[in-house]
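Shared between the two complexes below is subunit A, which has subunit B as its partner in the first and subunit C in the second.
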Partner chain A sequence: MRRVGLALVGIILIIAIFAPLIAPYTPTEYVGQSLLAPNSSYLLGTNDLGEDIFSRLLYGARTSVSIGFFTALLATFFSLLIGVTSALFAGVYDLFWMRLIDALLAIPTVLIIILIAAFFRVSLWGMIIILSLLSWQQGARVIRNQSKSLLKSNFILAAQGFGAGKLHITLKHLLSHLLPLLSVQLLMVFRRAVFLEAGMSFLGVGDPSLVSWGRMIRQALEYIYLGSWSWWLLPPGVLLTLTILGVVLLEYGRDSQRSI
Partner chain B sequence: MKAKKLSGYIIALIIILLLNFMLPRLMPGDPITVMYGDALTELTPEMRAALEERHGLSQSLFNQFLNYLKDIGLNWDLGYSFYYERPVTQIINNYLPWTLLLVLSSLILSTLLGFILGVESGWDYRQRRDKALLIVLLIVNGMPGIVLGSILLIIFAWQLGIFPLGGAITPHAGYTGLAWLRDILYHLVLPLLTLVLTRLPGSYLLMRSSMFGVVEQPFIDLARAKGLKKQRVKYVHGARNAIVPFLTQLGIRFSTFLGGALFIENIFSYPGMGELIYRALLNRDYPLLQGSLFLLTLMVLLINFLTDLLIVKVDKGGF
Partner chain C sequence: MKKSLSIILVVVLVVGMGAFLSGCGQETEVEIVRIGDENGDWGYPTPHGHYLRGPGYLRMSFIFDTLIWKDENGFVSALAEDWEYDEEENCFIFELRDDVRWHDGEDFTAQDVAFTFDYLQKHPYPWANLDSVEKVELIDDYQVKVYLSQAHAPFLERVAGVMPILPEHIWAEVEEPAEFTGEEAVVGTGPYELLEYDQTQGSYHYAANQNYYGGEPIAEELMFVESSNPEMALQRGNINAAGVMAEAIPELEQQGFELITGNHFWAAKLMMNQHQEPFDQRKFRQALAYAIDREELVERGLRGYGIAGSQGLIAPESRWAAEDLPEYAYSPEKAKELIEELGYTMEDGIYTKGDQRLEFTLLSFEDRIPEIIKQNLAKVGIEIELRVLDTASLDARVDDWDFDLAMSGHGALGGDPMVLNQMILDDDPKSVRFEENQDLLDKLNQQLRIMDEDKRLEMVKEIQSIYAEEMPAVTLYYPEDYWAIDDTIDWFYTEGGVAIGIPLPLNKLSLIERDIN
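The block that comes next holds the complex of A and B.
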């Protein structure tokens, strides 16, 4: 399962990185008559604005991957920072974050993202920041709990006995033991971010000039009566599914070695 | 009910209220233009003055917030939509029931189905049937609702014409009684199927992992040794002991179902809150958008709170 997941994610990554080299046209450029069926110059035809669907499909991978990647990085960084410091400093500081996390976990993320993104008409980076600010809670709690039990383990007590400070313990001992948790966290946030971005673009929240699979699916749905769905709707749908499936398989592939 | 859990809900409510209150005021430009500017073609000076008066914009920020709280708490006033020319609560009343129908029916169906599949899979843990089920459901898990929904719409409504392309009832058909019920179910099938399928892997995986934790316990061996029927051991002895983690997730699942429903309604033009929010987004009808999202958030908090209460009861009752 892991290998299939790796292959899927690898393919999407390659498409995302090399999109400008593979794509025959700029994704936001008027290249010909609108609503053309696939032909030799437009592999997947053109959309209602006369843009090349194949090029938009490739560039859509860039949007999904960059939103997934940077959100995962940023949110996991927040989780790590808040989780580890809560475990280290304990007391009121810890209490503050844990109560806040309880509250944030009770709030439905999708609704809040729609609300904020609708007001600010966010760009790619805006979307990454909003998603990150709403994706760190669960990870922070898991990391905090894990750090707390690590801090009680013998090797850390021994290090403290030798006079190691908090910073030294964190950098030298805690982080290396948190790595497996962090990789699970990165994958989970990546998957959620890709999923939510597609949903937001589908609803038309956020920057309309962003080339996104979610938006392509929405546009294709509006022209369902033309019968153009097999080259307009299906390709972004399949790529979106493969991206998320790839990450799901990576996540469960990990677990299958342990418990599942 | 632990006090710390309750405080979590209170903090969540305060965050939501503050966010709703602050967003229009954080935007560049004055809040009146931000909130109503796009929904109104032109704002006469009288209307602007009335709106400023209504929101008390000349007062301090703190007093404005108190006013806002008073409007919601005492008068259940979520704002006024100039696009529909009606109070937000009135508009929502027409849309919310459809969303509740979709969300609750799919929650029940996918929970039941996930429960049964999870029990069966966890019982046969790592055998062929379990592996096959796991792979199929992981693949479904990779499929976002907007993709699955679009494909179902194209195949069953557009190509085959078995189900309607949209809506929740046949307009002006004047159905009553059983025919009316059938009409509603007929329109519900595709959105329901989409939501059930996209949310099935969650409950399945949870029940499966909970189940194989129980299967290896000695009391299962004992039940078998007593010569009880397999189904009885599986469901009465096994599943009953594995169900608590499954139940605790119900509240959280309501929230994910609601989130999913917003997108799925949109695909099938199902006249629920998702459709309403989508229209509000298109029209930049901020009062309606805020009111709808606030109400849904409130509902999620309430349901989570109630499931927490229920779980305390279940735990005490010695399940």
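The block that comes next holds the complex of A and C.
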């Protein structure tokens, strides 16, 4: 399972990183007649603006992966920061964050993104920041609970007995024990971010000039009566599914490993 | 007790069955015509309620009639049977029909016409400018004289043919026309009565006015429904007519739809916020015109289905179009030259002057063409960020001058050249609202007063060449407009466009068994 997941994610990563080398054209280049069916020079034909669909597909991986990767990094950092400090300082500080998390979890994410996008320009980085701000809550709560129980364990009590400060305990002891949790967290946020970005682009929210799978699906739908779905609509859908499936399998692999 | 209950039940069943059967009898005559629309909502179908866009006016026009109307050949009578211009007195005399009733059964009289002029002067309706009307005089119950303060060439096309006549017995009490909704608000004399308007669904539902004076409505019911993919909806038989993409033509034709197309009387424009640097500089605006490859927009963006914009705004095929206008043929070099003359220098691929970098947001109602504009402008050191908005939000932002660049558009380019006054001076988001050039202002003002058509044409041509020189907005392209219709209704394109020149085939006369003329 884990291997399949690793392979899938690996392939997508390679596509994303080496897109400029693999892609025959730049994704926004006018390469020829629009709405061509697949042929030897345009593997997946061209879209309504005469851009090469295959190249756009490869570059779309870049958008998905970078949004997933940076959102996961940023959101997990927030989770860690808030989770660990809540466990350490406890009291009103802890109460404040936990209630805030409750409140934030109750608000539907998609709605917030659409609202923000209605008032502000949402670039690639803007999308990453919004998604991060909406993805740290669950992780923070899990990390806080885990840290709380770790803080009661003997080795930390012992360290405290020897006069270790909060910073020392966090860096030396807590972090290393939180690592498995963090990696699950990273994968979960990654998967969610990739999915949300595709969904938002499909709805037409965000930067219209971003080359993204969700947006490709949206554009392909407009021309669906031309019979172009099999080379324009299907490929981004399949790649999106494979990416998310790959990450899910990785997560599953981690879980089953741990339970053994 | 039980017995009486069963008797009641039987009676109810029999009566119900009877009603059902008689309903079935009518059913054979009932015919619903459904029209698909990608936007859906165009506002409440009253004069002050509809969005100031062609489709909004059309939805209102099925309910409210005007004094005169247009068909595929030109003016036809509507509420006024006959009309003439008295040059000596500078007034129009309208002979009204005496067989017209409002939807609520009241008689329509000249009083209503006089009232409407009066009411719309107090509560202006932007599409019928009444500044030129001095007074309205009733001669008898079915005759009115409209005196003009000065000669006004577009009066018939832009006032008599556009202004919806309102019932005095309802509107006399209405102080806030834009807020007025409900059954009474949609009482008109038109061929259709409003059954339901649903803003969230973007749907309009009408029933035929069987007493329509102009002939019997062909369809018992008329519906406008929101349809994000009209090509599919047509193929599935969910709608009877809709504007479609040119690519779909062969397939739709094969399935028996008739494809009709009109003239290029709708233009897409790149609006610039002239209240803000650097768009307040004519040179910069001209630079944008050189920088945007309008041929590419048509070839690539419209896939050839359209023609590139003429900088005089009026479409080249209109009889009012000027020839010999400055062309601003695509030339990134020329654009760069102009930008550099304004003191900008290239830094990291973007032109900069002091702390001002040429980075702008481009608002648009769609994302494909602006994408090409973005690429064009990147070549001349201007960076663009795109934002796609719905038409209503886009218009609102442009109206508030809350934008840098905006891609917008409008029709009415086939009708009276008064469209130039509206699109240059009017306080309307489709207008460039450009008042910098006094000569242009004077000429716009004068052209409305010239009753002689040839002399007026000269003036209109001069206006276009000043407009092209000043470049308050770049006219991008005129798209080809295709409508697929099935065999229920014979929709047609109106001469010069419906009312003020709406280039859509949805003329209410298409729905009438015509015996008007």
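Heads up, the rule we're going with is that the second predicted complex is superposed on the first by the 257 of 260 C-alpha atoms of A that agree within 3 Å, B and C clash if a C-alpha of one lies under 4 Å from a C-alpha of the other, contacts with A are read in each partner's own complex, and residues count from 1 in each chain.
The rule is simple: contacts are C-beta pairs under 8 Å (C-beta built on N, C-alpha and C of every residue); 3 or more make two chains touch, one makes a residue touch a chain.
Since the structure is predicted, the reported quantities are computational estimates derived from the model, not experimental observations.
Look at A:S34: by the touch rule set out above, it reaches subunit C but stays clear of subunit B. In the superposed model, A:L104 makes contact with subunit B only, not with subunit C. The wider contact with subunit A, measured as residues touched, comes from B rather than the other of subunit B and subunit C. In the superposed model, A:G161 makes contact with neither subunit B nor subunit C. Contacts of A:G91 after superposition on the shared chain: neither subunit B nor subunit C is touched.
In the superposed pair of complexes, A:F119 makes contact with subunit B only, with no contact to subunit C. In the superposition on chain A, A:I224 makes contact with both subunit B and subunit C.
Once the two complexes are overlaid on the shared chain, A:T241 sits against subunit B while remaining clear of subunit C.
In the superposition on chain A, contact is made by A:G204 with both subunit B and subunit C.
Taken together, the two complexes place residues 204, 221, 224 of subunit A in contact with subunit B and also with subunit C. Interface residues of subunit C, counted against subunit A in their complex, comprise 229, 231-232, 235, 245, 247-248, 251, 296, 300-301, 303, 361, 367-368, 370-372, 374-375, 385-388. If you check the complex, the residues on subunit A that touch subunit B are 1, 99-100, 102-112, 114-116, 118-120, 195, 198-199, 202-205, 214, 217, 220-221, 224, 229, 233-234, 237-238, 240-242, 244-246, 248-249, 252, 259-260. Listed in rising order, the residues of subunit B touching subunit A in the complex are 4-5, 7-9, 11-12, 15-16, 19-20, 23-24, 26-27, 34, 135, 138-139, 141-147, 150-151, 153-154, 158, 209, 255-256, 258-259, 262-263, 266-267, 277-278, 281-282, 286, 289-290, 293, 296-297, 300-301, 304. Subunit A meets subunit C in the complex at residues 28, 30, 34-35, 48-50, 121, 123, 204, 207-209, 219, 221-226.
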